[in-house]
Each structure stands twice: as C-alpha cells, then as structure tokens.
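Here come two complexes built around chain A, the first alongside chain B, the second alongside chain C.
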Partner chain A sequence: MTTSSDEITTDLDEATAKFVALENYRRLATSLSKNDGTKAITLTFQDLWSAAIHPEQNIDLIAAIQRDRQHARRFDALLRSMAVFSQPAQAAAASDNMDKRTGEQFDLELKPSSRQDGAYFLIIRMHNLVKTIPQHLYYCHNNSYHFLSLSPVHNGVSQVMVGESNSIIDAFNDPAAEFFIK
Partner chain B sequence: MTLPSLWIATTRGPVEIVSITEEDPEIRSVLCLSDSFQELPISPLYDAFVRRPTGLIEQITGHSSYRVDLSGPITQGQSWQLGLAVTHLFHAEAQLNSFSLPNALVWTTGKVTPRGIVQPVGKIVEKWKMTIAELANKTTKLDQIIVIAHATNIAEVQKLEPMGSSQPKIIYLPASSLNDIATYFELSVGNTLRAPAKRSPRVFKGYIVAGLLGLIGIATAMKLASDFVMPLSRLDTEGRYRELFMELRLMRQEGNWLDVNGAFFFQKNLENRADRLRKNMHVEIRSLQGKNTTCASHKATITTSTLPEWVHAACQLQLTLGNRSDRPIGIWIALVSHGTTGSPTVILRNHAALPPGQTVTLPKFIMEKSNTIKTVIAIASIMPDSELLSWFNTLINDVHPADHMISRIEKSGSGFLFAQATGTQK
Partner chain C sequence: MSNVSYKLLHKLALQDDGPSNTLQALLTSTLETTTADGRPRHSEQAQQNLIKVIASHSYAKVIFPLCHFMVVAAQRKIPLYYWFTMTQPMTASSLASSLRSASDQISPDNHTDMKNQLVITIARGNYTFDVNLSHIAKHSALFDLIMEIIGYEGLEILYNKLAYAENRHEIASVSNDLARGIYQFLKDHFPTASTEKKARFMHDFLAKCTGQNASISTSDINDSLIIDFWLEFSLDAQSKFRLFSNCAHSWVTYRQAIRLAASNRFQKGASLDALNEQGVAEISRIDQNAAQVIFDEIAEGPSSTAKLRQINPSILKTVKLVNATEFDHLAELIKFGNEGHTLVLTILRLLTFAPVQARLVEASRKRKMQASAMHSLADDDAYSHVFDHINTLTDTIRGLTEAAAFSLYLAQSSTFIYAAVPLANTQEQKELTNARTRIRASLTKPMDEIILAEKISAELLKKLPQIMPVFFAQLKQARKKYRRKGLGKLPIEDSNSWISELTTGIEVLSEMATHLNRLTSTYLANENPHTKQKTLKSCFAEDRDIFFKQFRQIYGQAS
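Here is the complex of A and B:
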C-alpha cells in the first residue's frame, strides 16, 4: 500500500491490536454498568478506612462493603479495632423492650419524647474519659454496621435524638446487638 | 394549650416557635427542627441556658429539660435567648392560667444574662428586613406585632418603621430585664423573677452559714499558723539558733506540704531580717590627725568588704557604730590583725547596745605599722546573742572565714559585716 507522505500509516497487526483493545474496553464498560452489586468488587484498605472514619459521606460504599462477605469481615475487624469503648451483646432480657443497656464501658438509655410524636432520645453515658473526642456510636445488628454521629460529650454524657423508624431502636431492643464508640 | 405566635429574628429570616414540651430531667434540653427529629447544633447552648446552675429557665419554671421545635434552623449567636426566655414565660403562665394573645405576633431578639437582664444584639436592620419579607408571605390576619428587644435595638427598628405608618400595628416593648416583660403581660411567673432580687431569708441564711464557715476557716488557718510559727518564733526570740536550724531542717526534710512551705517562708523572713540589719548597722572608721605628720585625717563608712589602705598606717584610729533601724540592736565588733604566721592580734573587740537612731564612738586606738591583714567583723542582732558570740569569736580568729559560718549568721537573722585590708606591700 502506497500513500502520500503526510498521511498516517498503520499496518494490519497494529489495527487489529487497537480493535481488540477497544472491544475489551467496551465489554468491560458494559459489564460494569450491568453490575447489580452482587458481584465482587475490589476495595483497598484505604476505602475501608475512609468508610469507617467518615461513614456519613460513604453510605453507598458501606452498603457495598456489607454486601460482600469478605469485605464485610475485613470491615468488621477494622471497626472493632477502632473502638474506644465497646458494649458486647446483652444477656437475653425477659421483656421484649429494654429501656437501658448497661456495659462496663458505657451505658445506653432510650427515652421517648414526652411529645409522643415518635421521637426518642438515646443517652450515652461513658464511664471513663478518653483523650480523643468520641465521634460515632456504631452498632452491629443482624451482621450489619450502622453509625450515629455523637453530639458533644458533656460530663461523659452524649445524647442523640432519633425517630422511631431509626434502625437503632430495633438494635437497642435486640440483646444480640453490639455497640461501639469511636 | 396554644401559645402566642412568637418569632425569633435571625439574619436568614424569622424562626417561629412551633411547640415546647417538658421532657424527662435526665434528657438534655434540645432545639430541633419541627417534625424532623433533627437536633440543632446549638442545643448544648440551649441546655446550658435552661439547666441550673448556669441556666435561667429552671430558676423560673423549676423544670430542667425542654424540647423546643422550631420552624427553621438557628445556627449561631445568642440572640435566640430572649425569644426562648419569653416562650418559657408564656408556657409557664399558660400552665397556671389561661394565657393567649389572639391575632398577635411576638417578635424578639436579644441576649439574656443568667440574672434575667436583657442585652442588645447586632444586625437589627438585616433581621427586620427579613421579617418584613416574611410578613408579606403570611396568610393569617395579624392585628398587632409586639416587638420585644433591648431599648437600643427597639430604637433601631423604630428608625426603619416609623410609628403609626405600618399595618398591622406595631407595639414596641423595650425590655431591660425579663421582669419588664412579665410586668407588661401581667404574668404571674413574674413573681418568681422578682424573688431572687429580694433575697429571701433562705438566701440570707445561706450567707450567714457561708460567713460562719469562712470565719471558722480563718480561725482554723490562724490556729494552724500559730501552732506552726510559735515554736520557731520562741527559738528565735531566745537566740537558740542551733535548735532553730535543726527544727527547720527537719520540717523541710520530713514535714508535710505545710511544714515544708512554712519552713521556707520562715527562713526567708530570717534572711530578710538579716539583710535589713546589715543595712541599718552603721560602721565608720576614722584616722585621726596626730602630731606625727604622716597621719592625715580620714573617714570611711564601711559598706563593702574592703577597708581603706590607710588603716595600715601607724595612726590613731577610731570606730563609730550607729543604729539606723527603728528598734534596739546589739552590735558586736572587732578589728583584728592577721599575720602570716601565729595567732591573730585582736586590736579591738567591743559590744554596743544601741537604741533606735543612736550612735556610739568607741575608744581610740593606735594601729601598729605592719603588713598584716586588717579585718573588721561586725554582727548586729535584735535577739539574745549568746550563741552568736561563740560564732563571732570563731570568726575573728580566722583570716578567711568559712562560707558556711557566714551563711549560718545570716540565716539566724543577724546582720553581718566583714571588711578587710590586705597588707601595704600589695
């Protein structure tokens, strides 16, 4: 094949290689767009760390982590290692609903608002002081982690206002749930 | 129970109090957005505004925890305090008596101190403009707007809204305290506000108890100090310095915090006294002009550790002692000649008990012409000097007194003077 000197020349092998590369890229993009979240995704430790430090900004990431058993196990190990205080599962209570969960390191108390509009106040009483300011209360309920931002701690007490639909209400009443503070 | 409509002015538009609810005292007071369960970040400040000991609201209502739902967010500042304080006044009144302000809107801005004093705030122009804009959107009919703020802020609003020109009618309520507001609305809770100012008998009782406790505290401290100082003072007064030093050392080494510090300050007191005595002890040496022409008339006050060289001349010398303090002192003085070998020659050794301001001139003496070191040593004391005398005698025999000897005299609270003239051959 003869061409003029100012045209780009490409031989057949090079064109074939470029075509294959483009086809692979198209297939990959199609595959990713069709991913329903059930397939394994690759996450670095940095991703897990970001999710643990800033859970409010990484809601989708946390959901993705918890869909994958392997990532969920790594995330669980990371969160447990980050806990400043922890409260293990409670002994099974006689009544269905608890109003207080006590632990060696902190207690939790759930009080409904007198306005009876579905608002609850979760009172967290820490037994010891820590050097760092606690940022989150998080809990493992039904093999899934959930986070609540803590209000400023005053005299070892923090308080969070939640609605009755918040998952912490169920977790609070489930003796098997575990709570942590970091 | 329906409360009057109340707006809290903010620079982002007025915020309406939607509801107020008494909560369990274990719950911290919260401000939240109506129907959202979203607590506002300033809730801890509101809790401090409500709850004793810093809080004002609990003082008025007797309850320590509230949830207040607001129509919009309040993010910073303290101008919300007046609006919430008024809300609590209305709420407390409504619980006792029927209280309402039909077709009225209460507009508030201002800070409130823990004693219920209303203070002015800033950005009134912005707040009022936002209020006017919001009023235009309000569909319900208003007969009047009651503007509650500090007189300074009221004046600012009045500049923007000339009297009588607006609809609905604006009523201005300049408030210097919550009392003014309670009086205007004829609230029975106003009695609670006035009560602290009158200082109830209970408060007086508290003051009396506090006063008695204070007196007991002072008496105990004085007794402790007395018990502590008395033995040391006694040893000092009797001139028993060895025992005094031993006592102070024991206190420093084996005593408690009070003993250690007490010993330190007592020792400082003795050292200061020594310094004062040293300054108030006046020692003057004179060379008298005689028939011998080599002897000229000289005079020197000994203030440093050096004697004038003319003391080596074989002339007639005379020492004068003076007491410049306001209390009697005793001065031991000696002039000694130390040769290179042998024992020192005591040329003069004398004692003078001087009343305040008095001076005494000691007998004249003739100094032999020699190259020996001449030393003047003087010790001034206001206490018995039996122990000092033995130290004095030791010192005058030593041409170079040991530092610890000098230190011992100064630590006993005695003034010490030491001056030397080395040989004429120098």
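Here is the complex of A and C:
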C-alpha cells in the first residue's frame, strides 16, 4: 500500500545509536516541557552564591545549606575560594580566653565595651590593602559558617560591635575556628 | 476514526522512565538561569546543546575542549566561581573580554596567543592547542550542569589541577575524570537501559529481516515490518512494544534515526559507548579541530509537532483556530512527520486499533473485562472512515487558514501579503506580482525601501478584490463558514498579538494541511482498482483478524 520515494541507506549500528539518542532527547524534552517546577527543589550553585553574597538576607537558606552535608561542603569550598584574607586555626596552646588572634593576613582583637553593658568591640586589622571593599568577616566554627557585615575600613582597620551572646565570641575563643574576609 | 480518547493514548505512551526529579530540577534551573539584569545566561543554542549532549551521551567530547578552556582560565588565576557568576550572558565575546581583563592584571604569558578575538592558542611544551571561545559558549549550559553535578568543591580541585597541567595527557586525565563523574550521575538519574533494550530488539529484528546486512534503508522499515515486529514483541509483558502505538512511533523514530545517521549530523562515536573503553580511547583521540564540531542538530529544525504547538488552543491568547479535539487529532497524525506518507497503513492501523487497545489496557488495569472494546469495530469500512475523517480535517484546516487570512485582510495588515498570498492559485499570485510591479513603476521619486514596501502592501490590500477576485471570494466564504473565537473582527486591544497569532496560525495551518494532503494523496495514488492493490475494506478485514487475535492473546479471551 505504501511506497518509498526517498530511499536512504546507512549503517545499522550507527542508525541504532541515533535511535537511542533521539529517544533520549525526546524523553528529556518531554519531561522538561511538562516540568511545572513543583516536582523537586534542588539547591544549586546560584543559591550558594546568593547566600555567600547576601548572607544577611539569606539566613534560612544558609541554614538549609548547612543542614545538608553535600551542600555544606560545596558552600565551604565556595566561601574559602571567595576569601580575600584568611586566618587559619590558631595553635592549640592558645588560652581559653584570648583577647587577640593574630594571622599573616589580618589580626582580630576583641575588647569589651568600657561601659560594661555586655557589648564587645571586634577590631579587624588587615595587613594589606585590597582593590575591592571588604564586605564580610565570616568564620567557620563547629563546621558551620557565620557572617558579620564589616563597617567601612579605614587604614586597614574595621570595627564591629557585637553583643555578648553573639556566636563570634565563642568562635574567637576557640583556636580551631577559622576566620575569613571577603 | 473512532471516538478516541487521545489523552488515554498519550498517557499510555508515556510509560517510559524519564529523568529523575533531581536531574529535571537541575536541568530546569540551568536552562532558566538569568544574569542579574534578567537576560538568559545561556543562548538558545547552548540550551539545546545541553539536552542533545545528554541525550546522546556525547558529553565527553565537549568536556575535553572545556578542560582546555579551564586551563587558560585557571592559569590566569581567575577564580572558578567567576565563570558561574558572570554579569553578562555566557557568549564568546563575554568570555573573551573576561580573559582579556584577567590578562591585563597578570604578567604577560609567553605561551598564550589570542589569535583573534575568539580563538586562543596555548603552547605547553610540545603540546599546542586552540581554545575556540565560540565553541565554549555554545556549551556553556553544560559547563553549569557539570558544576552542579561534580560540585563546586570537586570542580575547583580539578580546575586548580588544570592550572598546572603541562601536557595533553594531564588535561585528558582531568577531562576523563569529569566525564566519568557525569556518566555515574546520569546512570542513576537518567537511566537509558530500557531505551537501549528497545534499540537492541529493533536492531536484531532488522538484522534478521535484512539477512544480517550491516546496512539499513528507510524503505526496510515499512508497514509489514512494523506489524510483524509488534506481533512478535507485544506478547512479552516486559517489552516496551506491547502497545501498537509505542511500537509504531518507535519505528518512525528509527526511520528518522536512519536519516540522521546518513546525514552524519552526529559526529562518529557520539553514542552510548562514550564512556566505555572504546569511548575513553575516543576521548583521547579527539583533537581540537574535531572537538569543535560536535553535532549541530539532533532533529531537523523545529519539528512539525513543535510547530503545531504554536496553535494549541490553550496557548493562543487572542484567537482560537483549531479546537481541542482537532488539535489532538492533528497531533496524532503529525507525530509521523515526514515518514507518514510512506507508512499510511500503519497510520490507519494506529488510528483504528490503538484506541481499542487503550480501552483494553484501561479495563485490565481496573481488573474488569471490557468485552465491548472490540465489538465497536464491527464496521468493515473503518479504514475508509479514517480517511474520510482525515479529509474532513484537511478541509477544516484549509478553511480555517483562509478564514484567518481574511481576518488579516480585514485588519489591512501588511503581513497578509506574505502569509496569505501563497494560499492563492498560481495565476492570481502572478496577477498580484504584476500589480506590485505596476505600483512600483508608478512611483516618481526614490523612496526608503521599508516605506516603499509598506506603501505597496497598502495599495495591494486596497485593490485585492479586483486583483485576486477568486481568492478574495474564497477567503470571504471561508470566514462565513468557519467561525472561531477571535476570527473575523479586529480586537479592541492587543491587535499586535492578534496579528502575530493569526500570521503564525496561517503558516502552521498551511503546513499541517500540506502534511495531511500528502498522506491521503499517497494513498489515492496507490489505490488503483486495476492493479492487485488491496482495497481499504479488505485491508481492514485482514487487520481486524490479526489485531483481535493478538489482543486476545495479550489481554485474555474475555477481551
């Protein structure tokens, strides 16, 4: 009943491979065209980036990232590579209550407010200048990251006031904590 | 054509396992990523390439040049995250400008030469290679997906390793690591075993039918091969060919695959073997020149199905052309694409017996017997009815095309001239060309080409009833006969969308009418009472016995 006017010949194996590719292509294209965005929520690099760039606006996102070991690992790698300055863990012999943490790239100093109102001043002294304006001091303590927005830097020094319950106090006193500036 | 539940047929056809939810989510987010100002991060081509590369498992070949790009970037000390957070879309020029600005900041490199804006030549010892940024941009979406799959931490390790890569072997080693990672991920999230199994069945069946011949022709896949194959494989409950519709569509795809293989649109080796030993050897074999051309298109331009979607009644906003039932019927016929006219009997079988099978499947799922499913096909003229239905549908499509064209005329839209005029007969088209020439000749002073074209269009539209009286009357008649929402009068608002939807509609409907016409005319050309060609009636009688016998074997005697 039917005729062929456009005869085309090719290698059987090659045609079979193309068949698989075409079928796969259609399966993918069909499933993507039907995806209404309600099926799965996967954290992507763009989420990690948003969290790293605007931590104060993404507190819940950061918590979600850090709950998942794989995402936490990726976030850690990203934050480390974004760091302009780093201060690694201190020597284990450091005392329980340090008032200063020194590093090759910057020093941190923690001073209680003279008004004895429970506030502390965290002074960040950078040893080198950078082209970009540092935005955040962040630290890795007990396998999770926390962020502090930096005040404007003058002569390599920035100062931030924190409350006595701020987690940075514990991190500051923990030699294992690592600090970064970006 | 019987009273078909196309939604049921479609639902049954979608039984194959697709990508996992995770892969779907990753692909969607990769394809939808925008830059800060809302522009798509990846070009349309890069988005298409991502799907093609995954579908053909040919990512290894793309990863190799991507690794060379990473060598250049890492050696310039550009942080990895930079490439995924660019403020500009990932075009060749934005990549070039990023690399250039990085070069300005670091000391000059004697081993790098930016041959032109978009090709960078790198020399590492005895190894010299070119990085074509256009090629990288074309696969930017894959770059993003690689990062999502491998993870920032994993990719950064490899990126830093590439910064110190000294020779081809070291780059190839990183490339293979990445390809292996993608392969492992896709193995879990986009299993292709069932498609490969299907392909193997078809391959072996073809080899058997063609006498173990290593080559295959489109004509080998004909109506009789398809039915023979279905009869053999539909009894296997695990087979993906239990449904005749799945079987028929798979063979249509196979015919398309033959064309694709013959046109060599895929690079050799772009197959599932990409990551086996042969595949790994293949990766090492690739040189830069070969890697620049992966494959251009997996399908031949926008398919008819994609075109048909443009007139989906649920998508059109200002006008309704075909209704939902006509749309579904068209979709079913258009699925055969350019293969349809050579597989007319398969189409008749599909449209007649697939709905019966769909009802049998549904009944067996609900654990109730549907004895009436096959009784509804008592009419010996079932195939003729299908033909009648296709003819009626063709007339409707043609009428709607003309009614839409008349709407454009009423709006005095210049798009009428190029969208609707091809519907007229040759003689009247000639008249129009002559009228155009006369108008052009009557102009006394030079004029801007765009203004000139608009002026000529306006004149032609004004005089259309005189220049093309037959065509004009035809359009007017169609408008009276085919009344659909939005046809016939100018909308009060959003007339630009209305004109655009009508113009697209005319083009798509014309193409559909041509498709349908080709189907029926092929049959009519072959139906000669003086030859031994079987009549539709005898074909149907024979097929009914074949299908019903098979249905009874598959679904039990009670069916």
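The working rule: the second predicted complex is superposed on the first by the 139 of 182 C-alpha atoms of A that agree within 3 Å, B and C clash if a C-alpha of one lies under 4 Å from a C-alpha of the other, contacts with A are read in each partner's own complex, and residues count from 1 in each chain.
Criterion: a residue touches a chain if its C-beta (ideal position, glycine included) is under 8 Å from a C-beta of that chain, and two chains touch if they have at least 3 such contacts.
Only a predicted model underlies this, so the values are computations on that prediction, with no experimental measurement involved.
Counting the residues of chain A that each partner touches, chain B and chain C differ, and the larger count belongs to C. When the shared chain is aligned, no partner comes close enough to touch A:I133: not chain B, not chain C. By the touch criterion defined above, A:A91 lies against neither chain B nor chain C after alignment on the C-alpha atoms of chain A. In the superposition on chain A, A:H154 makes contact with chain B only, not with chain C.
Applying the stated contact rule after C-alpha superposition, one finds that A:I123 touches chain B and leaves chain C untouched. Common to the chain B and chain C contact sets on chain A is no residue at all.
Residues 109, 111, 113-115, 117-119, 121, 123, 151-152, 154, 157, 159-163 of chain A touch chain B in their complex. If you check the complex, the residues on chain C that touch chain A are 14, 16, 18-19, 21-22, 24-31, 33, 51-52, 54-57, 79-81, 84-85, 144, 147-148, 151-153, 156, 190, 192, 195-196, 198-200, 202-203, 206-207, 210, 213-219, 222-223, 250, 253-254, 256-262, 266, 268, 270-273, 298-299, 341-345, 522-523, 526, 533-534, 539. Those residues of chain B whose C-beta lies close enough to touch chain A in the complex are 19, 21-24, 26-28, 30, 32, 35, 37-39, 43-44, 67, 69. Partner chain C is touched in their complex by these residues of chain A: 1-32, 35, 37, 39-42, 44-46, 48-49, 70, 73-74, 76-78, 81-82.
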